[in-house]
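Each of the next two complexes has subunit A plus one more chain, namely subunit B in the first and subunit C in the second.
Our next item is the complex of A and B:
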């Protein structure tokens, strides 16, 4: 392995080593179901935050109904599993595709809206989906929620140990985040950023803005749906209140605190907002106030986020640049 | 540190996940119970009430000397959020000292946490989870709240005795509201009556007038309602404003002194079933109400804190019966044997599913007071 390979692949290897070697070893040695639960929750919310980042941070569309698509995915996976015997292997992509399909339908009329009007429209969409989950009793079982008793079965092989479930969740989250990372750190991602900066100008430059907005909205919802399926399978019981407006705001807070437009920022934001309240459990009733203060001061002093877009882009460019250092004709290639 | 040594051995052998340690609390030290409840967030007032009720029950139990060792309760805040509820359940299950769990408040969180308790085989007793399937999840789930399977049937018979045949039913759109309608309507039909109108409303609905108008068009003999006191007060006030005189029947969920405060004269003549009346003269009720008033500046306890108080006492009795072998299995078995427990919310027994069977009392509102009907 050349030095450059290590340099360019180094970070990825470190992340993979932490997620698939160090963390599992730690989990096994502690052998605490609680720690497993918190880690899996952090992974699922990392995916939710990163998927929202694509729409809100990168394409610049303030989305206030993300949790609804998370809910659609969870419901599709849970209902497919509980009522139709469709297991995890098929239920997971189905959840993503279902959420993306609904995103497509609602995106068509809303994409002409901009800024705050779009935000209010997504707020409405989120509430509509929530009310459908809550009141369409014949299909969603309404407020009774759905119990999903089947475990995760992967191509006929049943995963039931804590560690196995962790590996499944970590792998899916990793692949999903990697896809969003490649999308957003590419020409495609730059086109999305141009929408955020000035969509009329982007339009004039020949970028099909409406199509890009719809695409990013669908991709984001697809991964929210995947996260929903993971939540449904790791908890075994879902109900509409898991996907209400407060949940959308929680995900949005993760994105903003981490840094709008920054993929690593979204992950940091998700980790902070999931792990901090759990870590502060010992403090008692004051813990929510402390979490509130942390959010307040982090926005006050770091308005661009804990890991803002500019440092994040520089960081990722360096990573990618290193991979092309040894290009034989010294030609500049790839995304800049 | 037997456990950590076993764990590190498990790590080296790579056979972790197969560890099934027989869990039983040391006979000398205190016995621990876990209580998950919303101490913060939107439903914090309920969780704080449960905590006060549990502390009263625990203090009295430890002072009574029924058990040689003290019992302690570990409270954890779930914020009525399923994410946190599941994490807490796993935390309790991990803690080898904890022999059984109480809570959670909402059905959603209780149901999600129940999946954890079921897998880990630890008894869970909720004071309020009203989801029709909660106690059926496994043999480890119990609840101390009357189900609509009991209450709905009781009310249907009550209304039948009064000669009320055509009945309109409204209920809030929750798992509980669904069960209010279902169990009641089945019994009405079995009694030869007819449900002429059914509608669900979302909690916190400010305007019931259109529903009331629709009810009146169906010309029922009586209205059966599944609501909590906030919605109940709105509904009754608007009934009065529209001068609708049809008698209204409701469940024990509507029972709260605040209903009378909010609805004023409109609450007069409401019929409902109750399990707990703070002005009752029985000894346990006065003890509980006095201590509650001392802890809460003279406020009267409502239905839910009373259920929590009984739930904690039922659990403590089960622990006392299981002593000295206070294992999770034993506590569960003793809990299941609970029979004719003299609680403040009526004499309580668990059926084979872990459902509470309670003695129900018919009551009505007269002169701003809930009074039992003979």
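Our next item is the complex of A and C:
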């Protein structure tokens, strides 16, 4: 076995060990429901940020309505559970597919729009979905929200302990982020980046730009829907305000602070913007101002993000063993 | 010689201006054809019509006997026509290798499912083809460099490398020598001849006559959107209309 293989396998093992051994041990020893909530939120928002990164940072489509697709997933899961008794096993994929289906419908007319026009269109879509969640009372139960007491039903077993739910959420988030990582760190991902760089030129290279934009938008929304379902199953109560425009902006801020185009950056951004406000609970009302300052200065001094695209791609290529190096120079280039 | 690309009475109107006006010409398999003309003659417009960037107003363009006018640029590209741009359009925030790989993935294709599966045959094929193209343009040394960091001349070769990664049958170069000095132009001319000798059909647009006269077998001359000459360099050089168009000789 080569040194590179051992190194990349080691890194992956460390990540898994932290998520599935160290962190659960810490959670058990602290034994506070509140900490579970924060960790769960951090996991869910990591997935939201990573899924937005695919469409905004990598494919270059400024998307201002991501939270709406998160909401669609949450509502599909919650309503399927509350009204039809559909559990986690079926509800989770249903939430993702539902969000992706809506993304497909709205993508068809909007994908020909560019730059700021696309951004405004997604803003409108986000608002429309939010208003539907809030005002279609017969179906969504309106501003009162939906309560869900099912816990996580996993192939007939009911997982209702906090630790058990943590393991389920961490597993789903891990698999989802891994899928987006594979998509971004591949030649498919390169094609998406070429859209961001110069989509006319990508077109001349034989890249079907409209199809790729629709695909990335749907994949991104699918995982936002999954994140929404996880949120619904873990909190047991959702309401429209969880999915308003401010949430879309929060997710966008995570992506930008972490580094546009960088998958690890999106995770770092999500952890920062979820954990920092919680860590600052002690300082009272000042905390939001401090969070604002951190955002402001991080973007001022690190406009390419805390872990920008170029170092992130290098990291994934070299340390995570994603590069192709079967060339005469043994250079680590491209993707496996 | 069988015609690979046929341009049949093609016109393009921009408002009241006939940018390309009833041009008929063809490119045969294995030819190296130059397209020249003074500024505003419609060269780039004709290029954009061929590659599908601009729709034709009238007339028809056929490639290997099939109509391609009206198709999307990506479809035309996948039929085997690849192009470069006059004003250098590399992907600045991607590495040199990744730039070239976009040409390869455009030609070979990779679906999301294939991307998720690590170490697929498809990925290997794209990697190998990209490396091969990079070797042709001698940029393997810069494989991991961002395209934005390359010198201007190298970026020209990168753009050609990206087009070559598509393994085209017809390579269409839009003013490849623009912005290059004399020795760089001579080097580029030798490189284009080498590609042609390797079996590639090449069509190139040039503003400057020198390069075209020295390497092309046949030259099409445009002036004010009309074709005024279509012959060997030696003949074109003697054509009265061409001299008039370039030098503005009257009577």
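As a working rule, the second predicted complex is superposed on the first by the 315 of 336 C-alpha atoms of A that agree within 3 Å, B and C clash if a C-alpha of one lies under 4 Å from a C-alpha of the other, contacts with A are read in each partner's own complex, and residues count from 1 in each chain.
By definition in this document, a residue touches a chain if its C-beta (ideal position, glycine included) is under 8 Å from a C-beta of that chain, and two chains touch if they have at least 3 such contacts.
Note that the coordinates shown come from a computational prediction; the quantities given were computed from them, not determined experimentally.
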{"item": "Which superposed partner A:235 touches (first subunit B, second subunit C, both, neither)", "value": "first"}
{"item": "Which of subunit B and subunit C A:12 touches, first, second, both or neither", "value": "neither"}
{"item": "Touching partner for A:209 - first (subunit B), second (subunit C), both, neither", "value": "second"}
{"item": "First, second, both or neither for A:112, with subunit B first and subunit C second", "value": "neither"}
{"item": "Touched partner set for A:179, first subunit B, second subunit C, both or neither", "value": "second"}
{"item": "Touching partner for A:219 - first (subunit B), second (subunit C), both, neither", "value": "second"}
{"item": "Shared contact residues on subunit A - subunit B and subunit C", "value": "none"}
{"item": "Complex interface listing, subunit A residues touching subunit B", "value": "25, 28-34, 36-38, 41, 131, 134-135, 137, 142-145, 147, 161-163, 235-239, 241-242, 277-278, 281, 284-285, 287-288"}
{"item": "Interface residues, subunit B side, partner subunit A - complex", "value": "7-8, 10-11, 16-17, 19, 39-41, 76-77, 79, 82-84, 86-87, 90-91, 93-94, 106-108, 111-112, 114-116, 120, 131-133, 137, 173-178, 200, 202"}
{"item": "Footprint of subunit C on subunit A - complex, ascending", "value": "179, 182-183, 186-191, 193-194, 197-198, 200-209, 215, 219, 261, 309-310, 313-314, 324, 326-327, 329, 331-336"}
{"item": "Residues of subunit C touching subunit A in the complex", "value": "51, 53, 72-74, 77-78, 82-83, 85, 89, 91-95, 97-98, 101-107, 110-112, 114-119, 122-124, 126-128, 130-131, 140, 143-144, 146, 162-163, 166"}
